[in-house]
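Presented sequentially are two complexes of chain A, the first with chain B as partner and the second with chain C.
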Partner chain A sequence: MSDVIAGVGALLDPTVLLCLIIGTLLGTLVGAVPGITATMAVALATGFTLTLEPIQGLAVLLSIYVAAQFGDRVPAILVNTPGTPASIATTFDGFPLAKAGRAGVALTSSALVSAVGSLASILILVFLAQPIARIALSFGPIELFALVVFGMTMMVGVSNGRIAKGLAAGAVGLLLGAVGRDPITGDHRFTFGLPELTSGLPFIAVIIGVFGLAEIFNQIIEARRGGTASPIEQLGRWWPDRAERRTLVKPTAIGTGIGAVVGVVPAAGGDIAGIIAWDQARRASQHPERFGKGSLEGLAAPDSASTATMGGSVTTTLALGVPGDSVMAVMLGSMIVWGLQPGPSLFVENPDLVFSISGIMIVATLAALGLALVRMQGVVKLLKLPLNALAVVIITFCMVGTYAVQNSVFDVIVMLVFGIVGLGMKRWGFPAGPLVLGLILGPLAESNLRRGLLIDGPFAAFQSPIAASLIALSVFALIAPAVLRTLKRRSKPRADAAAPR
Partner chain B sequence: MTAMVEERTVQATEVNDLEQAPDQPAQSTRLREILIGAGVVAVGATVLLLAQQLPAEAANSEFGSRWWPSLIGGAITLLGLAVAIVGALRPPVRDCEEPGATGIWQLLAILGLIVVYGIAWRFAHFLVVTPLLVLGIMTLLGGRGWRSLVLVPVVVTGALYGVFGLLLRVPL
Partner chain C sequence: MSRFRTATIGLTAAAAAAVLLTGCVDRAGADTAPDAFPTGDITFYTPTQAGGATDLTARTLATALESELGVSVIVDNRPGGAGSVGMEHVAGQAADGHTIAVLPVEVAMLGHLDYDTDPADYDFLAQVNSQPGTIAVPADSPYETLGDLVAAAEAAPGTITISNAGAGSIWEAGALELGSAAGVEFQGVPFDGGAPAVTAAVGGQVDAVVAGIGETAPAHEDGRLRVLAVFTEEPAPALDGVPTATEQGFDVVIGSWAVVAAPVGLDAAVRSTLEDALQVAAESAAYIEFIESSGNIPLFLGAEETTAFVSAEHERFGTLLAGR
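Now for the complex of A and B:
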């Protein structure tokens, strides 16, 4: 009990509260602007938080982390551009909802379920940190590989009948993830003598290119001369009505559960949790046909899932010293500088810290929720921008945002190239999601598969029940829709023949 | 002001008309789908060739540097064949508007402007070259009047500099 009092008491310092407010504002802003990710904002903020006390610095960094998860939904819903990778799945139903004139309900629902996911995940951090960390520790290389395969097949499964093209896009993504140093031997692969490629393709630049630029490029080439555009004009109501709120409950529960589990797995973050949750909520829904076409259920599941990863991600980082996601990797460095060594001994040496961190995340969640609900009216005014102004804002923010990640012009060139690649994929019917997921998770998949095969031999996946189950689920997820379609086609003529004339 | 509101309403209506297209795969001929599949096969074959130039596997390991790229290259090749076969048997339904010649020209011109901007940025300050880029894009996309050609460049440049240059301390 004294640890709880000491941990929460540390937050009563006015400077800590000020740091929380600054972090929340900054996080919401960076989340809402495509091209600025939470990882980048936390990395940049690290520069001026290292001089602060650990609790103050953690307040800034953690509140950026939390608030960015709220802000990134806004561009995902309004302009079909994920503010950060965690909101990739938000675009599946968020943008169709906005196009259908329900942007207000989508934004409000998203903020509410994101808060539920975040708060639930903080409970995990408080009460289940140690047991969950022990489970995550049992994931070996082959299980991690199987988890990546599972995540990617879920992504392909959302390709709506474009399985072959989705798989091809995912395979190309995995290939792009192989650019740079071999994760095991260190050999250079596909770098073509360019030193910038030694550490791999900059995935932030690729994401911004295929999601942000490609969308606006497509709008430009499709627009009629003199025609200007705001993507969404009819915003509709702000608050979901009673029936809509009721529909949010089940997918939010599914999303929160999936996010909580995925969050504790090292390196698996909100992007993969969101996609898995979207697919699982679709399977559990009474109206799966509405998913991808503007379903509130399809919005609630991934949004609650991606925020629900935060508690688990922080747990993994602090309890094991293994970063739960890329933001945590950056934060890990800051904590070491502050003299806090993440790992199993952290909670032993600083038992009050878990409560301070939980308190920061709770306050940041509530502040970000309040901010999300209050500032939406202002944000939506952006929708009334004509196409030329919208294009200018998106193109320039994408360019400067990409440059700012590493102060690299090369990254901007990569982003432009992938903007054109993304445009081609869009025109030729290839989904962009699997490509990006392959790129992000490719190194994780490759290194773990090779380690698993080297350690346990070619049948490693079949020796692990967890890995075997995940791979079986992946195969099922790919085959089941095709089998069901075939069965439906075969049963339809019989039904037609049996129908009275 | 009234005229501006009306103009926006008309613009939005036009855009909403464009946005109403159903979200289905692009309609294309069987030939086009087969060509797309052939393109994917070509990518896979190229990867397989490039993978052979990577350092050879160590004598005691069959899972070296070239193993994963070769595996992926083979998978891409097979998936390209699948794309071609599926496209030939069941060509997908159209979903995108046909691109207009004006739109393609505008996009190429914008890309050209960005290249020029990248070169100019090496010699002039961000606050000097960025408004010119914004002005150029606005003009290309049909922006007219002081709001489009003066206000937007100034506001966008100011916002970019404020967020990145001042707030996030990015050296612009």
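Now for the complex of A and C:
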């Protein structure tokens, strides 16, 4: 109990609170700019925070980490561009909601469920850190491979009925993921002598291109043909009504649960959690047909899942000294320099630190939620701009954000090329989601499978109980809907035949 | 309509400001008399992402260089292609002393791995640290000494798995060097960076890991890993009581390092100004403390010795990596 008092007491220092506020503002801002990820922002801030006291430094870094998860939802919902990869799945239903004139409810609901996911996962950190962290160590390469395969099964779900086109886009994404150095032998594949391509296609540039730039290009074409001038003419109500709030409960619970588990797994973060949660919530929903077309449930699941990974990631990092995601990998370096060596001994030597960290994250969550709700008034003004002004601003931010990732003009060119590719896909009805999933998950699946094969031989995936059950789940996820559909068709053939696609 | 206009102007200004901010790394100085070096800001490139060890090395040195040279020293990250993108960018800059870079060990390796990187493209100014290699096993591993591990590999060639930081990384080379010194075959398992490679050993997925001392020493201290040997000539201060590989009969001395370099063709006077400033920076208390806190060894070697060192390493990696 005295540890709790000491840990939380350390936060009452006014300079710590100031650090928290600065971190929250910075995090919200960088989250909202596509291209600048939480990892980058934390990495850049590290240069300044190393000279601060550990608690002050942690307050800055952790609140950037938390607040970026709130900021990145805004461009995902309003302009179909994820602010950071953690909100890729937010675009699936967030943008359709905004187009349907429900941006206000979408933004508010997103902020609320994000806060729920974050707070729930921090509680897990406080009470169950050590026992849960032990699960993390049983995830080796082959288990990670199985988890990624499970994530890939949702390519079908995200295709929105256009399964053939969705799978084609996914296959192209997997092929694009093969560009770069071979993860085991180091041979250069499809790099055409360009050193920039040896580390693979820059996936943040691809995401911004196919989601954000393509959407703007499409709107410009629509506008010239006399279609709607502005993408989102109205934001609608702000607060979800009672019925809407009720629909949020189940997907948020699913999302939080999935996020907490994925967060614990080393190196798996908010993007994978959001994608898995979206698909699982769709399967559990009474209205799966609305997913991808503007479903509040489809927004709540990934948003709560990606924030719920934070508690798990921090748990793994603190209890095992193993980074739970890429942000934590950067933060781990800082903690070592401060003399706070994460690992089992941290809980013995600095038990109060765990409570200070949870305290910082709770305050940062509430501050980011408050900021998200207040900030929306400004967002209204942004969207009332005429398209010609708005498009220029968004394209500029897309280019600046892409360049800033690695100070590279090459990345900007990649983004522009994929903007045109994305436009073509949009016009001919190919969904962009599976392409990006293939690009992100493909290299993860390949490298981990090949490591697993090197370590355990050809039957690796079936010898590990965790990997075997995840693969069985993936097969089930693919087959079950088809079986169910056949059964349903037999019982009422007419209704199904009449259903439009 | 006027409100839209205000908002438009405001947003355009914000976008313009963002463009300016990303562009502000451009050097402001002008080239006048060559004897009056430095005449403007110095750009200090790192071929890595912000936040990593190489980046923080550059940032810590930059602070000391600024007060020594009296101009701004701006750190510019150019990551990508295992560092080759940044290195090739630096090689193409003017050799006027206003462009310098921290280059990690990859500068001597990438040329042997199908990249166009060549140490001959740079004038080396100083070596500023060394990061000893180590080999470690999980805490509950049956192998107590390096001899045990080698004996197990002798009994069943190719079954003892050793994780490393990636294909073509210095730590993959470290495991190869150990294999050839001991005359046995290990199964290397490349990961995507040092941290996941160490995690695989902590979790017991592999038999051992070769990694930098900064990554294994903390885990050794709290009992998650057992470091069997340090690949240095003298025992490392960060791992008290752990023997070197040489002491156990395997002649393996390998590690990562960082040097500061400029594009080739530097004026001799400019070179010695930079070398002197780097000596002060590398011997500053802040820099020594930063390097030591991560378990590595701060040091300073001058331009001549560094050039000889890098070319010796370049040659050595040529033979070692040919055997991959």
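Following the convention adopted for this analysis, the second predicted complex is superposed on the first by the 456 of 501 C-alpha atoms of A that agree within 3 Å, B and C clash if a C-alpha of one lies under 4 Å from a C-alpha of the other, contacts with A are read in each partner's own complex, and residues count from 1 in each chain.
Heads up, the rule we're going with is that a contact is a pair of C-beta atoms (placed from the backbone, for glycine too) under 8 Å apart; a residue touches a chain by one contact, two chains touch by 3 or more.
All of these numbers come straight from a predicted model, not from anything done at the bench.
After overlaying the two complexes on the shared chain, residue contacts for A:A178 are found with chain B alone; chain C is out of touch. Of the two partner chains placed around the shared chain by superposition, chain C is the only one that A:I455 touches, whereas chain B remains out of contact. Residue contacts after overlaying the shared chain place A:G257 against neither chain B nor chain C. By the document's definition of touching, of the two partners only chain C reaches A:E196; chain B does not. By the document's definition of touching, of the two partners only chain C reaches A:G140; chain B does not.
Once the two complexes are overlaid on the shared chain, A:G9 sits clear of chain B and of chain C alike. Of the two partner chains, neither chain B nor chain C is touched by A:P481. Judged by the touch definition given at the top, the superposed model places A:N407 against both chain B and chain C. Contacts of A:G339 after superposition on the shared chain: chain C is touched, whereas chain B is not. In the superposition on chain A, the residues of chain A contacted by chain B and by chain C overlap at 44, 47, 182, 185, 187, 384, 386, 389, 392-393, 396-397, 400, 403-404, 407, 454. The residues of chain A lying in touch with chain C in their complex are 40, 42-44, 46-47, 50, 137-141, 181-188, 195-199, 202, 266-267, 320-323, 329-330, 332-333, 336-337, 339, 341, 343-345, 381-382, 384-386, 389, 392-393, 396-397, 400, 403-404, 406-408, 410, 447, 451, 454-455. Contact residues on chain A toward chain B in their complex (touch as defined above): 26, 29, 33, 36, 41, 44, 47-48, 96, 99, 160-162, 164-165, 167-168, 171-172, 174-175, 178, 182, 185, 187, 189-190, 217-218, 220-234, 292-293, 384, 386-389, 391-393, 395-397, 399-401, 403-404, 407, 409, 412, 416, 420, 426-429, 446, 449-450, 453-454. Those residues of chain C that touch chain A in the shared complex are 3-4, 7-8, 11-12, 14-15, 18-19, 22, 25, 49-53, 55-56, 59, 76-82, 84-85, 88, 113-116, 161, 166-168, 187-193, 195-196, 198-200, 202-206, 214, 218-219, 221-224, 290, 293-294, 324. Chain B contributes residues 8, 11-16, 18-19, 23-26, 28, 36, 40, 43, 47, 50, 54-55, 58, 61, 63-65, 67-69, 72-73, 75-76, 79-80, 82-83, 86, 92, 95-100, 102-104, 106-107, 110-111, 114, 118, 130, 133-134, 137-138, 141-143, 148, 152, 156, 160, 163-164, 167-172 to its touches with chain A in the complex.
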